[in-house]
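Both complexes below contain chain A, partnered by chain B and then by chain C.
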Partner chain A sequence: MIQQLILSGIIAGSIYALIAIGFTIIYRTIKFFNFAHGVVYAAGAYLAYALFFLLKLNPILSFFLSLAMAALLGIAIDRLAYRPLRKHNAPSLIYLIASFGVFIFIQNLIQLIFGAQILTLRTGPVKEGYNILGAVITNIQVLIIGVSLILFFLGWLFILKTKLGKAIRAVSDDPVGARVVGINSERIILVAFAIGSALAGAAGILISLETNIEPTMGLNAILKGIIASIVGGVGNIPGALFGGLFLGLAENLGIWKIQAGWKDTIAFVILIIFLLLRPSGIMGVKTEKEKI
Partner chain B sequence: MKKIWIVITIIAVVALAIVLTVTQTKKKPEEIKIGAILPLTGDAAPYGERAKRGVEFALEEINKKGIKGNRIKIIYEDSQGNPQKAVSAFLKLINLDKVKFILGPLSTTEVLSIAPMAEKEKILILTPTASAPQITKAGDYIFRNCVSDLFEGIVAAEFIFKKLNERRAAIIYINNDFGIGLKESFKKRFISLGGEVIEESFERKETDFRALLSRIKSKDPKVIFLIGQTEMGQILRQAKELGIKSQFVSFSAFEDPKILQVAGGAAEGVFYTYQGFDTKSEVDVVREFTLKYKEKYNENPDIWAALSYDAMKIYAEAFKRDGFNVEDTKKALYSIKGFIGVVGETSFDENGDVTKPIGIKKVENGNFIWIDKKYELEGEK
Partner chain C sequence: MNKILEVKNLSISYGPVKALENVSFFIEKGEIVAVIGPNGAGKSTALKALCGLVPIKRGEINFQDENIKGLTPNRLVKKGLCLVPEGRRIFTTMSVFENLEMGAFTVSKNKNLLFKERIEKVFKLFPILKERKRQKAGTLSSGEQQMLAIGRALMLKPSLLLLDEPSLGLSPNYVEAIFEKLVEINNDGTSILIVEQNALKALEICHRAYLFEIGSIALEGEKAALLRNEKIKEVFLGG
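Right after this comes the complex of A and B.
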């Protein structure tokens, strides 16, 4: 049983990590908890559903088109909701409230368009998975782990190696200094939103291959993503991967001996422990700052 | 000058509105108001939507004839399936709309959250679907139009023990009032028959059941009694992927095409207890209801629509018997016996509970098939 629980933990963890990295990239440029990130995750799944089932596009094309549309959604959220606030130099609490507003608005919009009922992205009959080292794994699960880790590392490489990635780091560490050397921070914020939102959309689509989609799926996802970020260290990218996997494994291994209903409790207990004992997370954001 | 015009327009609009409302109320002096508290948005919205359709169908038929020349008006309030929202919907209905009769809410938790207030304010509640045993003792003014889980749990336990001849069963249940109620009644009967149970619970919004199922799998039960809502499809799918071969047994809520679709073939062979609503029935009322429903919504009515339709009809029947004040209607509801609804024959007992036939069904080739239309418990009626 332990093998199965570890596997479940890795699957859940790689999705959490993918949500957390997108969240982190956006967080680094705007410095507030963008709750609307969760609804972009849900929107990604619904976009894929619409493209694949309603427009009957090919699955891979649907996947990438949904990512592009999730990126556009992220940009639109920033342009319409946060940028006007930035112009007025709003305090950070206002951003947080605005991000909740965006979350609720888009969630209800999804519900209006697609209805509140559960939809399924996966088609075809259900098959028993393969047995590897005492754990059962299905093709879809291999795909989920593989694609989410690949996307995670692509996101990481983007931040580390590309010019835009460096610019994002610059804006994150010293917004004024970045402007002095000629970095257009508004543009960088848009790039961060586009990349981060595409990654959230990807996470939403991947998880929907395994479970179902429903309009309210975003809240739990963003909460877990945020817990993963805090555990790993807010704003830290390797921390997001570590935090995601840590959370996924802890949740699943935690219920080895107690009832499965306690899963969410475990996640939130971890959050509280970290907030109390190590608010900067395992790989605190300070080390990252010093490096640059 | 402009300002004057704005003021004049506002006055004109307000005056018009007053005239309209006054003439409206004059036209229909005897309108019986019923407040319907349903989950119209949120997770439980699919159920609320179907319940609303059932209510609308019944209302149309009732108002066509009228009850002693009076019409019923329904005021819908959205509870989102949430007890707090149900309470505010209830307060709005009784204080603002002066409603004396409530139809709904659908879930046990919601009904239990408004029941004490309804008792105090003497407001009648008739819930179409809340099935947990706790409702039986919820109060004098609280009625329901579905069989208590006590009976479904007992039938399931008897069926597993006597017909499937299994002695070890696992229970997977949703952790809320309804899930616990059904689990307890099943467990009590199964153990008293001489069986053994293990249990696992999950929370309402859970989508990942692999860990729970791994725990179940390691204990290798022959039968699993499954209590949940639409997530049951998800559970079956993940169980199959994990290679769990146990026989699943469920209850009325299992008959939902959504569950089959989500389960993607993993629902084959599942048994479930079912309150007697059968779209293929030859009984006139059922045939007519099914036909009209299908015409309008392009899908077969399900138990949620059917029980809500019957609940609305039962209110109308009660109004017809004695009149429109709360005490008379309450008396009339208690006196209803052998009412022919689309969900079989319905009689109320002294607790405001109903008896209806319970049968056993099975999923075969993606269809819901009757195994036994009326499961007879031995030595009991």
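Right after this comes the complex of A and C.
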């Protein structure tokens, strides 16, 4: 029993981590909570569904095409919703409201196109799994964990090692400093949206191999992604991995002795505990007072 | 000698606030020019206008015989006009090395070769940066951070280096060290425009200087003349 719960925790956790890293990469450049990230996750699942079941493309191709389209969706969101606000130096609350607006708009659009009924990316019956240390794990579950962790590390490597990844960190650290060395922060923001949104789309697709797709799936996802980010320290990439796995495991182990319906409650209790006791997260540094 | 930079009748406003009104100045190739003046005189605004950080209302800016008015910072750094901004503005969570890499962000032709050449030069000028290259920039001392900010600008191999109050918040030893390095950079062929509160230090190393006063230029001249000027003596050099 406990082994199975740990496995479920790791599956949920790696998905949360993948949502959180995309959220983090975007957050680094725009410095507000982009709730619309959740609807990009949902859109990823629906895009894969459309490409695979409706256009009958090959599954691998469907996956990567969906990621590319999720990236474009992220870029479009920034261009159409946030960039005009930046031009007007809007206060941060406005961005938050805009991101909710985008979320609701796209969620309704999905519902309009695909209907409100539940869909699935699963094909065929669930196969018998392997037995590992007392937990039963299926091929699909191995795939979900493996691909999400690989994508997570690719995202991390991108931020750490590539020129554009470093430019994202530079814009995040000091936008004025970035401008004076000739970095065009508008372009860097688009790169962050593209990469971050592709990762969100991937998370949406991966989870849909195991669970159902529905238009409202993005809300829970973004809330969990944000909680994972806060647990790990907002803006911190290893923190996103830690926070995601911590949250996934806590939710699933928490329901060992209580009903499964309490999962979300556990997540929110964790959120409140962290906001009260350690708002900077596990790996976050408290913002240092300026040195004189 | 010919002028590397010539600014004519520059006017800049922030909304209704006039920051500069009809200001003209120039820098000759190879010069160090200092700009001094009280708080709010518009010194930083002038530098920001030169690097495309604030929109220009009226006026003309010629850099190396080319009209550069209205160009983006990205274009200007490629032309060799680089700013070391007020407050240093380094990337605090990134390593010293990565900060220097970001300095060379816009370099695309012969990238690796130029990068190696330039970073070696920066390390030679500021050996401490080489020692600290793996360290997070935010953990450097203020003086080291200023060296990094200058080093980062030098990664663009500017022909004109603009500095906004490089001595701000530094201990006297570091101020001394930084100004020595500026002279070294200048001897290497880089023209320099420096805005400073520390008027004495700035006048010491400059060839010529301008005194800004609430949006306009009150005085200008060669170093020796300004050092003898009664007004400058009284206000900036302590009588």
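We take it that the second predicted complex is superposed on the first by the 284 of 292 C-alpha atoms of A that agree within 3 Å, B and C clash if a C-alpha of one lies under 4 Å from a C-alpha of the other, contacts with A are read in each partner's own complex, and residues count from 1 in each chain.
Simple rule for what comes next: a residue touches a chain if its C-beta (ideal position, glycine included) is under 8 Å from a C-beta of that chain, and two chains touch if they have at least 3 such contacts.
Only a predicted model underlies this, so the values are computations on that prediction, with no experimental measurement involved.
Superposition of the two structures on chain A shows chain C fitting alongside chain B with no clash.
Once the two complexes are overlaid on the shared chain, A:Arg86 sits clear of chain B and of chain C alike. Of the two partner chains, chain B is the only one that A:Asn220 touches; chain C does not reach it.
When both complexes are overlaid on chain A, the residue A:Gly261 reaches chain B alone and has no touch with chain C.
By the touch criterion defined above, A:Gly129 lies against chain B but remains apart from chain C after alignment on the C-alpha atoms of chain A. Of the two partner chains, chain B is the only one that A:Gln117 touches; chain C does not reach it.
Touch criterion met: A:Gln4 reaches chain B, while chain C stays clear of it.
If you count the residues of chain A touched by chain B and by chain C, you find the higher number for B.
Of the two partner chains placed by superposition, only chain C is touched by A:Lys163; chain B is not. Between chain B and chain C, the smallest C-alpha to C-alpha distance in the superposed model amounts to 35 Å. Interface residues of chain B, counted against chain A in their complex, comprise 41-43, 45-46, 49, 175, 200-203, 205-212, 214-215, 217-218, 230, 234, 237, 240-243, 258, 261-266.
Of all residues in chain C, only 51, 53, 72-74, 76-78, 82-85, 88-94, 98, 101-103, 105-106, 138, 142, 152-153, 155-156, 169 touch chain A in the complex they form.
Of all the residues in chain A, the ones that touch chain C in their complex are 163, 166-167, 169-170, 172-174, 176-184, 288, 291-292. Against chain B, in their complex, chain A makes its touches with residues 1, 4-5, 7-8, 11-12, 108, 111, 115-118, 120, 122-129, 131, 136, 138, 207, 210-212, 214, 216-217, 220, 251-252, 255-256, 259-261, 263-264.
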